[in-house]
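Labels A, B and C are assigned to the chains in the order they are written; within every chain, residues are numbered from 1.
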Amino acid sequence: MSFMRSVLVAGAIALSSLPGLASAQDFITVASTTSTEQSGLFGHILPIFKEKTGIEVRVIAQGTGQALETGRRGDADVVFVHAKAAEEEFVKEGFGVERKEVMYNDFVIVGPGEDPAGIKGGNDAVAALKKISEAGATFTSRGDDSGTHKAELALWKQAGVKPSGDWYRELGTGMGPTLNTSAQMPAYTLTDRATWLSFENKGPLEIVVEGDPKLFNQYGVILVNPAKHPHVKAEQGQAFIDWLVSPEGQKAIADYKINGQQLFFPNASAS
Amino acid sequence: MHGSFSILPLRADGLTYVIRGRALVDNVSFVVARGTRTIIMGPNGAGKSLTLRLCHGLLQPSSGSVTWNGAAQVNGRKRHAMVFQRPVMLRRSALANVVHALSLTRFSSADRQARASEALARFGLAELARRPARILSGGEQQRLAMARAWALDPEVLFLDEPTSALDPAATRAVEEMIEAFHADGMTIVMTTHDLGQARRLADQVLFLHHGRLLEQTPAEEFFERPRSEAARAFIKGELLW
Amino acid sequence: MQQENAFTTALNLILSGDAVLGEIVVLSLAVTLTALLVSAIIGLPLGAALALARFPGRSFLVVTFNALMGLPPVVAGLAVYLMLSRSGPLGWLGILFSPSAMIVAQTLLITPIIVSLTRQVVEDLWGEYEEQLRSLGSSRLQAIPTLLWDGRFSLITAILAGFGRASAEVGAILIVGGNIAGYTRTMTTAIALETSRGDLALALGLGIILLGITLSLNAAAYVTGRLAQKAAG
C-alpha cells in the first residue's frame, strides 16, 4: 500500500507545519485511566500544576493495559495507572524509570436494588462474588485488560470461581459504557468509586458491597524511560511526578470532592 | 490562407472499419481536393459518420489508410476540425468555450482571447460571449460550435449532420456559415440526409450504402444522372436504410 | 425525559456561549475541513486520472478504492496510530495525539470516497465529451482539469459525502487524537466521553449541536451550488 503510505507522509508533513495545530508548547503527554479522567480529578489538579510550572499536561484516558502499551511504544511521557503488578513489570522490562505510589481509591460492587444474589450491605467482596455465581445473577465484566478488569479477575480467583456462562458478560469496553450497560440489564459489576460517583446514569444500580480491604485500588505513576525513547520529556515529566507526590500535589488530590465526598486518598510514601 | 503548405489532397485508400465481424465501412476509397465541398450521402447506417470519424482520426481504420498530401496524419497540431450533430459545450461562457479550444492549439495564450472574440464577432455571436454556453438555444450552440471550429483556422472542416437537430432558421444560419468558410478557402467534408441542403452546398457527392462507396460523382451529375440503382432510389426518397 | 433534557442542554450550551464548547466546535471544523481540503487536493485529480487512464490493474484499483469507502474508521485509526506512534515508521514526526494526527486519519478515511465518486462523475462526463475534446486535440491528461471543472456541481456532492463521513466519525480520531481535553477533543469524541460518563443529556445536546452545524454547512453548499449552477447552465 505504497499509495496510502505516500498519502500519509504528504499529509503528515503538510499538516505538521500547520500553525496552531502542532504547536511546540511546553507540554507533556500522560497516559492514564478512564477513572482518573472521567471522575474529573485531572480537571481539578492539572490547572493547579500548570499555574505553578507552566507545563501543560495532555491526558489520554485509556484502560490500564492500553495506557501501559502507549508508554511502551513511547507515545506518552508519563503513565499514571492502577495495576501494581503490571506496573512493576513495565518498570522491570525497562520501559519505565521508577514506579511511585500516589493515591488510592477503592472499588465497589454495584448492582440492581432488587439484589437477586442477596449480597446487599455486605463488606466481603469474595463472598459476594461467590453468591453471584451461585445465584447465576447477571454480572458484567469490563473485559478490556484494564486495572479494574485485572482487579475483578483477581477477586474471582480468590473466590475459586472461573466466571463463565450466560450470567457472565464480558463487554470489552470502558468503565462508563460498562455502567451504562449494567444499568439497562440490570447487572452486578465492579467499578471504582470515583467513576461511580461522577456517573450520571445509575438507573436501578446502587452500591451493594463496599469497604473490603481487598477492594483497595492503588494508583502509581511512572516516567517512561528516556533510555528507551529518547524523545521523552524526562525533565517536565519528572516535574509532574515530583509534584504529584509532593505535599502540595497530595493536598490537591485530597481536595477534589463530588457532592462533598472525597474520591481519591493521597498516600505517597515519603521515600 | 495556408498558401505555402497544404495537407490536401485528402486520400482514403481501402478504408475499412470492422466491428464484431461486420464491416460498417467497407473498402472505401476517395479523394478530397483542396477548396472543394464534398457531401457524403446515403441512407441510415450507410457508414457516413464513421467515414468522417475515420478521416478526422477519432477512429482507427481496421484496414486501409487515410493520408494527407501523401503523409499519414498524426495527432497533435491538427489542421482539420469537426463539428458534430450535437455540439458539446463546456459549462462556461460562450467565449470561454472558444478560448478553451484555442488553448489546445498552437495559439499563444496572448492571442486566444482576441482570436475567440474575433470568431464570435465575425458570425454575429458577440453579444452571446458572456452567456453560459449550455443555456444557449440549440441553434445558437451549433453556431457557436461552428465559430469555435473557425477560430481554430482549420484547412479542412468535417461536419456531421450539423443541421439535423435544428429548425429552418438555424439551419439557414449554419448553411450561410458553411458558405462563408468555403469562401475563405476552407475545404468542407460534410454528411447530411437533407437532399435540398446537399443540392445547395455540394461540389461533389460521395454516396455510401451498407458501408460501400457506390459513387464519387460531381454534384450536378449525381442529382441529374445517378449511376447506381441505390442512388436513384435514394434521391426519389425510396431508400431509407 | 432524557430527550427534553437534551434539547434544553443544547440550547443552554449555545446561549451561554460556552467557551469550551466553542473551542471544541472550532477544532472539529478545523480538523474536518483541513482533512477535506487535503483529500480533495489528492482525490479529485486522482479520481479523474483513474477515470481516464487505461493501464493494467486499473480495475483492481477502482475496486480497491470503492471498497475503501467502507474502511472501518477504527481500522483506519489503528493504521495511522501504528504509523505515527513513536515506535512506528513516522514516529519521528511526533504528531500522534495531536490534531494533525486526526487530520491524517480523516484524510485516509475520506480520500477513497472522493476518489471513487470523482471517478464516476468524470467517467460519465468523459462519455459525453470524449469525441468533442479529442476532436479539439485534447489528450486525456489535458482533459482532467476540463472535466473536473465541468463536473464541479456533481463533485460538490462527492465533497459533501467526504465531509459527512469525517464530521460524523469518532473511532479513528479517538485512537489517534486521544480525546485530550482542550487539545484533541472534538464534538464526536466529547459525545462519546459524555455517553460513557452517563451524562446522556449532555451527550445528546452536543449531538444536536453537531447535527445543526452539519445541516447548516450542507444547506450553504446546496444553495451556493444551485445558484452557481443556474448561472453556469
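Definition applied: a contact is a pair of C-beta atoms (placed from the backbone, for glycine too) under 8 Å apart; a residue touches a chain by one contact, two chains touch by 3 or more.
Keep in mind that what you see is a predicted model, and the values were worked out from it rather than measured.
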item	value
By mean Cα position, the chain sitting nearest the middle	C
Contact pairs, highest-scoring chain pair	A-C
Per Cα centroids, the chain farthest from chain C	B
Length of the line joining the C-alpha centres of chain A and chain C, rounded to whole Å	33
Centre-of-Cα separation between chain B and chain A, whole angstrom	79
Length of the line joining the C-alpha centres of chain B and chain C, rounded to whole Å	47
Footprint of chain C on chain B - complex, ascending	53, 56, 58, 75-78, 81-82, 84, 87-88, 90-92, 100-101, 104-105, 132-135, 152
Residues of chain C defined as touching chain B within the complex	128-129, 131-138, 142, 146, 149-150, 152-153, 231-233
Parts of chain A lying in touch with chain C, wherever the complex brings them together	4, 7-16, 18, 21-22, 29, 34, 37-38, 42-43, 58-61, 72-75, 174-177, 179-180, 183, 198-202, 229, 231
Complex contact set, residues of chain C against chain A	30, 34, 38, 42, 79-80, 83-88, 90-91, 93-100, 103-104, 107-108, 111, 178-181, 183-184, 193, 195-200
